[in-house]
Structure formats: structure tokens, C-alpha cells
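Common to both upcoming complexes is chain A, partnered first by chain B, then by chain C.
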Partner chain A sequence: MISTAGVADIGVPGVARSRPLLARVRQGLPPWLLLLPALTVLIPFFLLPLASLLRNSFNRDDPTALMVADFTWRNYVRVLTDTLYLTSFGNSLAMAAAIAATTLVLGYPFAYFLVQRAGPWGPVLRWLVYTPLIVSVIVRVFGWIVITADSGLINTTLLALRLVDEPFKILFNVGGVFIGMCHRYFPLAVLPIASAIAKIDPALLAASFGLGAGPTRTFLQVALPLSLPGVVAGGQLVFAAVLSDFVMPLLLGSTRFRMIAPAIFEEAIGNVSWASAAAMAIVMLVMTALLLLVTSWTFRRLAPWARTL
Partner chain B sequence: MSSARARRHGSRLGGLAFGAYVAAVSVFLLAPIAVAVVLSFSSVSQLRFPPPGLSLQWYVKAASTPEFVSGFAISVGIAACVAAVSVVAGTLAAIAINHYRFRGRTAVQTFVMLPLVLPTVVIGLGLLQTLGWYRIRTGFLAAVLGHCVIGIPYVTYLVLASLASYDLTLEQASLNLGASRLETFRRITLPLLAPGIMAGAIFVFLLSFDNVALSLFLTRGDTLPLRLMQHIQYYADPSVAAVSSVLILFSLAVLFVVGRLLRQREDIRLVA
Partner chain C sequence: MTSEHAAPAGLAAAARPTEPRHATEPIELQLRGISKSFGRVRAVVDCDLSVTRGEIVALLGPSGCGKTTLLNIIAGFEEPDAGEVVLRGRLLTDVPPNRRDVGLVFQHYALFPHLTVGGNISYGLRARRLPQDAIAARVAEMLDLLKLHGLEARYPAALSGGQRQRVALARALAIRPVLLLLDEALSALDKNLREQMQIELSLLLRHLAITTIIVTHDQREAFSMAHRIVLMDQGRVVQSGAPADVYSQPRTSFVLEFLGSANCLRGTARRREDGGVEVRTTAGIVVRHTADRPMADGSGARVYIRTEDVRLSKRPTAAQPQDPGQVKLVTFLGSVKRYVVLVGGQQLVVEMPSGALDADVAVGEPVYLDVDAARCHVVRDE
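Moving on, here comes the complex of A and B:
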């Protein structure tokens, strides 16, 4: 009696414990097995490179070797105090803010039209927004070169109309980069706004009209606040994209208006200064992350209704 | 009465202004692309618009420029590999995130999506500095791996979006009716996800095909976008426009073929 109880005491918990364990293993295995291919690429070729970039940013660049292992803040101090680097960061931030503001202001009415008013034109306009995403960026750059060059479409027209006496310098200047980037990132601003507007319940707009508000008031007090999450998302996308763009500054801009992405490339490939390039990249990464976090946080505080959307 | 009419008149004017605005933006969106296509038929080497005459010489020149031809082949090869790897890895990851509840799920989802929000320059530089660890040199393999870092999250994102309207009970029913897990995956899960997967494949192919930011760090400047960039920087002539037009045609053809394939699939499903 005692012995069987003892056996039962030993045996039963053992069985009871092993069953759920096996079930847990079987339940636990498939998701990680399914994730395996993605993680085999992303851990060695994304996570570890970021970690090594962080480590390298504290190393010392050596004129005779590639990099010397060290632990110094020198690179950061230089990147954050040297005027050459600072102007690159400043130019990029200013350009990102300008492009985000312009594409949002230009894109909002367009997105509104696309969703609410386009009717039969809807599919055509939708395709128009998608084309810049489909057509190679080099194709678009080429088009803008032809349009904005000193002897290009805009300047020959202006000269022919006697509006200017000499060509207006757009290409290989700030203006060229600005136009090219507005074109490149317009879809990034429009698409999130359009999807936010599409989500607005028509009954809310009808209720606003029913309660006596005119179209302007309905737009300002109902539709616009409800679509703000799309505006914030679009702005964040555009801002981050401008910061890391180097095709536009390289092909449409000039070295007089230095931007950060080409500067990092130049530092890493041209100067072979891996440690200071790494420090620049980490500063850029932190800037991007801060920007995303701060805008999201501010927006949640200022527009609590967005949380329920 | 008259004020109502005035208001209606005003709103029609407003509508017209709105229409004009949308038309202006549309012209802005299409202008550079249209200009590039027209210029590819120019008869002169200066980038003059409108071109003084028409010819096909720039297409001939582009086709006989070895840098463009080999660049095209290299870019297609990289993009095809990237699309294949990204579709498999990204789809499986999306299924894991959507179908299962496990510890670390949110963390994994955030991690897989992270490359989409980080500046590509940072990813490219990081990869360049670590390729040595794996004894990989800049070139084809490095470019494929680098593009996959961006490609996988895109596929995961698109497949997750198409999983949002996905009915898990269909899989349950299949399993209850005696089909094996593999059979259920092949005959239920995969066909239902096909549109999302297809969209992911095309998108990632085009993304890789057009990539500059990562290729600049990871290749030896021999992909088509990099070749075109070098060409534009040193001697901008309409042969770049000719390649551009072929690329536009190429993108449209890919989209058209896939659109047809997807529609056929839809017909089959409707019949079934």
C-alpha cells in the first residue's frame, strides 16, 4: 500500500510534468522553425552589422591600417563639433523638414481628392501615385536633369518669355535636390494619408452635417483630426527617407550643399575612415530614432483620440 | 435662394480649382518620366527638349554598350535571388507571427520589421564593415544578402496584411478532415496567400533591381542603376533615356503579367 502510493507519487507527477512539456515543445517549435530562414539572414547580416558599427564607432582610424581597436569618444566629438560634419547634418535635417512639409501640404488635398472625390478617375490617379515607386529612380533623375538644367525645359521657357536674363540655377544646386526629392517622396506622404482618410466613418461626416456644421467646419473639426495619424505617419516616412537618400544629392545637388548620406559614403569609401564613418552613421541612427519616438509621443499626447483609431 | 445658388456656384468653382490642382500635381508626377521617354527617341546627343528630330540611335547605342548589358544581367540576377529568398523567408515569418502565440512574438515582429525604418545608409555601412567576418567580398552574394535585409521585412509586411482577412478555421477544417500539416499548407494556406506573396515578390524584385544605397557599398559598381549613375555623371546623353524607357516597359510588363496571373487565380477561385 505504502509502496504503491510511493510509486504513484513518483510516477504520476513525472507523467503529468512530461506531457505538457512535450506538448509545449511541439507547440513552441513551429513558430521558431518558421522564423528560422528570416532570422538566419537578419541576425548575421543586420543585427550583428549594427552592433559592430556601434563598436567600430569607438575605434580609432589609422592612416596606415584600416582601423585600430580602441575605446574613445574622439570620433563623436569630432563629428558633433567639426563644422564640415555639422553643416552636413544641418543641411540634411533642414532638407528633410522642408521636403516633409512640402509633400504633406501638397499631398493632403491630393489624397483627399483621391479617396473622396475622384470617382471614375480614382484608379488612374492611384496609378499616378504608384508610378514614381515603380519607375527606376535613375529614370526620374534623368528626366529632372533635362527639365531643370541651365539649358533645360524650365530655363529655355523662362528665357523665351523674357522673364529672366540668364538661366536660373536649379540643377546641381539646392533647388534641384528639392524638386527631385519632392517628386520621389510624394507617394510616401500621400499613401498613408489616403488610407487614414479612407478609414473615416462616413456616418461621422453625415452626423456633423446633420448637426448643422458646414463643409469647412466638418472638414476642420471632424475629417482633418481623424486623418492626422496618416499625416504623422507620412511625415515620419518622408523625413527618414530624405535623411538617408544619396542618389538625389549626388546626381542633382552639388558639393556646396553637403548632405549627410553622401558624406558618410565619402568618409567610408573615399577616405577609408571606417571609425568616423561609423560614428556618423550612429549619430544619424540616433537622430532618426529620436525623431520617430518624439513625434509619435507628442502626437499621442496632443491627439488622444488617435489611440482608438 | 440666391445665396444658395451663390454657394453652389462657389462650390463648383472650388471643385474646378480642386480639379486644376490635382491635374497640376499629376503633371508634376509624370513630367520627368514622360520627358525621359520622349528624349530617348531624340536625334541629337544634347539633352534638348523637345528633340529636334527623331531616331532610334540611342536604343542601338544602349544595346551595344557592354556596361549596360552586363549591368542589366547582373541586376536581374541579384533581384531574382533576392525575390526568391525574401519570399520564402518573409512568408514563413509572417505565418509564424500571425498563426502562433509564443513568448517573444512582439519582439520578433519588431525586429523583423526594423530594417524598414532604419536609414539604408546605416545598414549598408554596417554590412560593409562586417563582410570580412564571413569572408564575403563585395559583389553578387554581398548584394543579395544586403538586399534581402530590406526584402524580407517587405514580404512579411505584405503577407501579414493579406493574413489580416484570413480565416484560420479553414486550416482547422482541413486538419480535422485528415489532411496532413504539409498538405494543409500546400492546398489551403499557400493558395489563399498567393496574391500577397506575388505582390511581395514583384515589389521586392523591383526594389532590389532599383537599389542604389546598398549596392553602392556592397558591389563593385556593376549593377545597372550604378552603371547608369556613372554614365549620367560623366556623359549625360540620351542612351540613358533609352535604357530608362526599356526599364519602364520592363516594370510595366512585370506588373501586367502578374496582374493577369492574379486575375486568373481569382477566376479559378470563383469557379470553385
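Moving on, here comes the complex of A and C:
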């Protein structure tokens, strides 16, 4: 007991003190039992399908026999060299970057207001942020169709005001997908930023003022850097969500701007090429994972303090 | 960490904490008629305070007495409902906190977690747009003054409590403030480290001769660091003076009860033949009263006796000629021993130096109490 206490004292004080207490609590049931409910769902419905997807990606598509068991890299070679697929990947990455950037730029001031200034309106605003998550994506898509169509709200207004001579092509174009996705993923950007801002100790802002910094410097030097973990998390969430979204591009976009998620859907359902669709999915999965890892790693290098927050 | 145990160098000749202040020093900070309410709560009520240059003043009082509100008003984080703050001849009413030249040390230090020790210390200097070399020189000076060598590149999370405390001080002092405000600055430290920092900080503040206001609820901290104690209760200044004066001449029963542990005995005042008054307490102890305020014969009175002002005796004393009390508990506290004595149905706490001859009494033994009447405080019982 004595030696354990001595070793524990070297670490973080709070952790060291709570350790014996936790150890005693744990004595009841083995801790992995807590994972069991989640694992009973995750293993059959997520991990096994993922494994079968990985296996399928090495199979061979056949016009008559659908999919033939094989072990070939051919699907990957085709997915990574064919310009049609490469353009889809490129489009999706560009769209994900644009949506992430836009939602972060729009979401940051919104989150800041929500946490710091909204006062009694905070809960109302927070609820407004949640609405896109509450309403079904299909309902929202049809809403956007009504607004962005050639004869929709935006274009009839523009035409009536004689600002344009013919309707803007928004729906079934890049613009429609962009607007719809910005709306859909706005909460994913706002919520992590808001929680990061809410975690900033007000005494730090007071300290900054007390040391002679004005509101601008205080924001740029204290509030902004301390909320960056939330910005990174929000950006990653939005980026990954845009890459995997196929409803929005399918219903609001066009085939002239192909994105990877609907392309996989088309490959699997339209062309019944399950093996190459699986390869595309795996490539996208690896790409997303790499992106998240690289951004997290870069952020930790640039902001070593963030790990201790 | 050895630096944590050493007082700042070259300060051996620094002044004692209780030395009288020169009245000739110019007034640095003046509060005139400050009042502040939060809704129905009157946090500060018509508060006046003058602090001379280089003076260390402790605002002492229980939580909710208004001391922190007063500090926030001086720093500019709160606006008073009435009254004004004048710092070195400048009226601060419309001056925002970032233009006040006041150095602040917060209770939990409020170090910027995303900046290194160096970055924290230089923060105020960068806000003032000092040239790079001047900033570097000042940071080096502060690292030197507060013995933070080698920690410049560390982040606050990697520092000990004492080191964080020193970084917070270095950061506040780096801007060369006119006034330094310490808000419960030592309360987050462990007891041993806190007492050590009290000494270190007292020496440092006297060495720098910086005008300082300490806000604390800890009497020991206030007494060990300040030239002057300003006692606050319910938003008002109750008493102000040197630690020894406030302690020996408490003006109200609040001050008495708040400062040090005192026994309170109720009794009745009796006029004596020689013109004096004595209070016969229900506990059977008689205290000759020498108060400036006259007390009517037979009126109720309360006698406050500090634990260290009572002596135990095995023989009857002037204060307790008969009916000895009984020792119920003896506790060894290091330099003193504490006795709980039951006298006339009432419990009294007595503290005597451990080595004292009379201190050798065991639980259950009968004892008489001797009280120095001059050290007792008698107030009328309303």
C-alpha cells in the first residue's frame, strides 16, 4: 500500500488520489461487461459487414455470375487510376473541404454568441441549431428543392425584382448540394465549437484584460486558441460526414458533378458491380481515416497544450 | 524542487510585517463612498479606503463580506453603483480594466494553458507593444526574481502548484503595475507551501515596495503579509489597523469572533465599592471590567476570552476562587496544548505552551482558570 501511494504521488495529483478509490469500486464486475451491450450491436451489424466489404473488394465482378470469389487488386487499380472515379473522389474531397470551411466560418461566431452573449436566448438558439438534426433529411431535401428550384422561392424573387433574366441553376447543380449540405452539417460544426468555448475559464479572459489586452487581443490570443480543439473536432466531423453523404448529392446534385458516395451507390445498385463498389468504399474509408489521423496529429504538434486540456 | 524552499535572495534586511507605515508616504489608492448591490444583496456599502504607496493592505472577512466585490471594482471588472476609485491621482470611473495598470493574481492563478511560462509572463508586455528586446529583458528579470529558471518553455499543466503561483505573480509584476491585487492568491496551495509562500511573498512585496491589496478570508495569511488589516463584514469596513492593534483592540464582537478563537461567556455586571465593575459569568468566573463604556449595575454582559489568554492553575485564582472546573480533553498541537475545560456547565477552550509547568494536567483533574482581566473584552449583552 505504502509503495503504491508513493508511486501514485508522482503523477497528476487528482488522478493519483482517485486511483485507490476507483480500484475498490471496480471490484464488483469485470469492467469489459460495460462494453457488452454496444458490442452485441457493433460486431454483427458493423464490424462483420465491414469485414465482408473488405473481402468483397478483392473479388471479381462478373456480368453473369454477379460476383466471383477471387483475390485480385484489379478493383483497386481501376478505382485509383480511372479518371471517372478519381474525379468523383476529387469532387467529394473538394466539396467536403468547402463545406467544412464554410460551416466553421459561419458556425464559429454563431457558437461564440450562443455561449458568451445569448443570455436567455441561449436555449432557443441551441434548439434552432438542433432542428436540422431533428427533421428527417428527406423532408429537408424537399424543402430545399422548393426553395432552390428554377421556379422556386429564390429564383421567382430574383426574377420578380428583375435582378436576373433567367433562373439561376441552383437545384440539380453544385450549388444546391452545397447549400443543402451546409445546412445539414452546420450543427456538427457549431456544437463542438460551442462546447470548447464554454469550457474556457472566464478568469482567463479577465486575466487578459487585467494584463492590458483589449477585447480584440483577448479574443485572438486567448479565446480563439483555446477553442481550436473544438474547431478541429467540428471540421473533422463535417468533413467525414460530407464524404459519406449520398442522399444530398443524389437528390440535389447532378451527374455532371459526381461525388463518391452516390457513385458507390450507383456502382453497387445500378451496375451491380459489388466488388468494385466495395473497393471504392474501402478507399474512401482509408482516405477519411488518414485525414482524421493527419489533422489530429498535426494539431497536437502545433498545440501540445491541447492534450492536457 | 529546492527553489520552492528558498526566500528571494538579498531580502534578509527586509522590513517586518508589522512595522508602522510612514504617514508621509503619498496616497496611492483612494476609494470614496463605494457602494455596490446585486439585486437586493448589498455587497459593498459606502466603503472608504486609502492606501499609501508601498503599503500592503489585507481585506479580511468571511465569504460574502464584499471583499471580492471591492477588489473587482478596483480592478474594473465591476462598476460601483456609487462612489469613485482614484489610483495615483487618476479617476478610474471610465477607465476599462485593461487600461488601469493594476496587476492581478487570481485564486486559481488563471494561467493561460496554451502559453508557456515565458509566454504567460510576457503576455502583458506584448499587449503593451514593448520592443522585443525589452520584453526578453523583463521576462528574464521576472524569471530571476521568482526563481523560475529553466521553466520558461514549460506549459502551466507541467508545473507544480507553487510554481504556478510564482508564474502568476511574475506575470502580474512584469507589467510594473501601480497596484497589485491578490485574490485569495495562496488558498489553492497546501498548508506547508502556503505558509512558506506567505513568508516569501511578504519579503518580495516589501523588497519591491509595491502597493498591494490582498483579499483573503484567512486571518493567518492577512496577518503574516499585510501592514494593515481592513476587516469587512456585510459589505462594510468594520475595523482597520495594524494586525497587532486589530487583534488586541477589537472594536466589535464580530471582529473578536472572527479573529482568533475566543471563548464567549455570559454574565451579569456588578458595581464594585472601588468604582470599578466586575462581571460575574454564569460559568463562575469573575472578570474585573475596565471598559471605557459604563455598564449599569445588573445589566447583561458578554465576556470574550481568547484561548491563549486563559491559564490553568491547580489552586484557586482571583478569577475563580471556588468550584473548580474539570478537564475533559487534552490535545497536543505541537507548540501548544489545547484543553477543553468544563466550568459551571460551560465548555472553555484553553491553549497553553506545551512546555508550561501548569500545562501538566490530565483529563478528569479539577482545575481553576486564571484570566487576565486586561486581555478580556467585555461587551454589553443586547
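One rule holds in what follows: the second predicted complex is superposed on the first by the 271 of 309 C-alpha atoms of A that agree within 3 Å, B and C clash if a C-alpha of one lies under 4 Å from a C-alpha of the other, contacts with A are read in each partner's own complex, and residues count from 1 in each chain.
To be clear about the criterion, a contact is a pair of C-beta atoms (placed from the backbone, for glycine too) under 8 Å apart; a residue touches a chain by one contact, two chains touch by 3 or more.
Worth saying up front: this structure is predicted, and the values here are computed from it rather than measured.
After superposition on chain A, the partners chain B and chain C are accommodated together without colliding. Once chain A of one complex is fitted onto chain A of the other, the partner contacts of A:Ala206 are limited to chain C, with no touch recorded for chain B. In the superposition on chain A, A:Leu226 makes contact with chain C only, not with chain B.
When the two complexes are overlaid on their common chain A, residue A:Thr81 makes contact with neither chain B nor chain C.
By the document's definition of touching, of the two partners only chain B reaches A:Val141; chain C does not.
Among chain B and chain C, the chain that touches a larger number of residues in chain A is B.
When the shared chain is aligned, no partner comes close enough to touch A:Thr64: not chain B, not chain C. In the superposition on chain A, contact is made by A:Trp305 with chain C only, not with chain B.
In this overlay, which is a superposition and not a single complex, chain B and chain C have their closest Cα atoms 8 Å apart.
Every residue of chain A that touches chain C in the complex is listed here, in rising order: 201, 203-204, 206-214, 217, 221-222, 225-226, 303-306, 308-309.
Within the complex formed with chain A, the chain C residues making contact are 75-77, 96-99, 101-104, 106, 108, 110-115, 123-124, 127-128, 155, 157-158, 171-172, 175.
Touching chain B in their complex are the following residues of chain A: 27-28, 30-32, 34-38, 40-42, 44-50, 52-53, 56, 106, 109-110, 113, 117, 125, 128-129, 131-132, 134-147, 149, 151-153, 183, 186, 215, 240, 243-247, 250-251, 261, 264-265, 268-269, 274, 277-278, 281-282, 284-285, 288, 292.
Residue ranges on chain B touching chain A, taken from their complex, read 11, 15, 18, 21-22, 25-26, 28-36, 39, 46-49, 85, 88-90, 92-93, 95-97, 99-100, 102, 105, 108, 111-112, 114-115, 117-123, 125-130, 133-134, 145-146, 148-149, 152, 156, 206, 209-210, 212-213, 216-217, 225, 228-229, 232-233, 236, 240-241, 244, 247-248, 251-252, 255.
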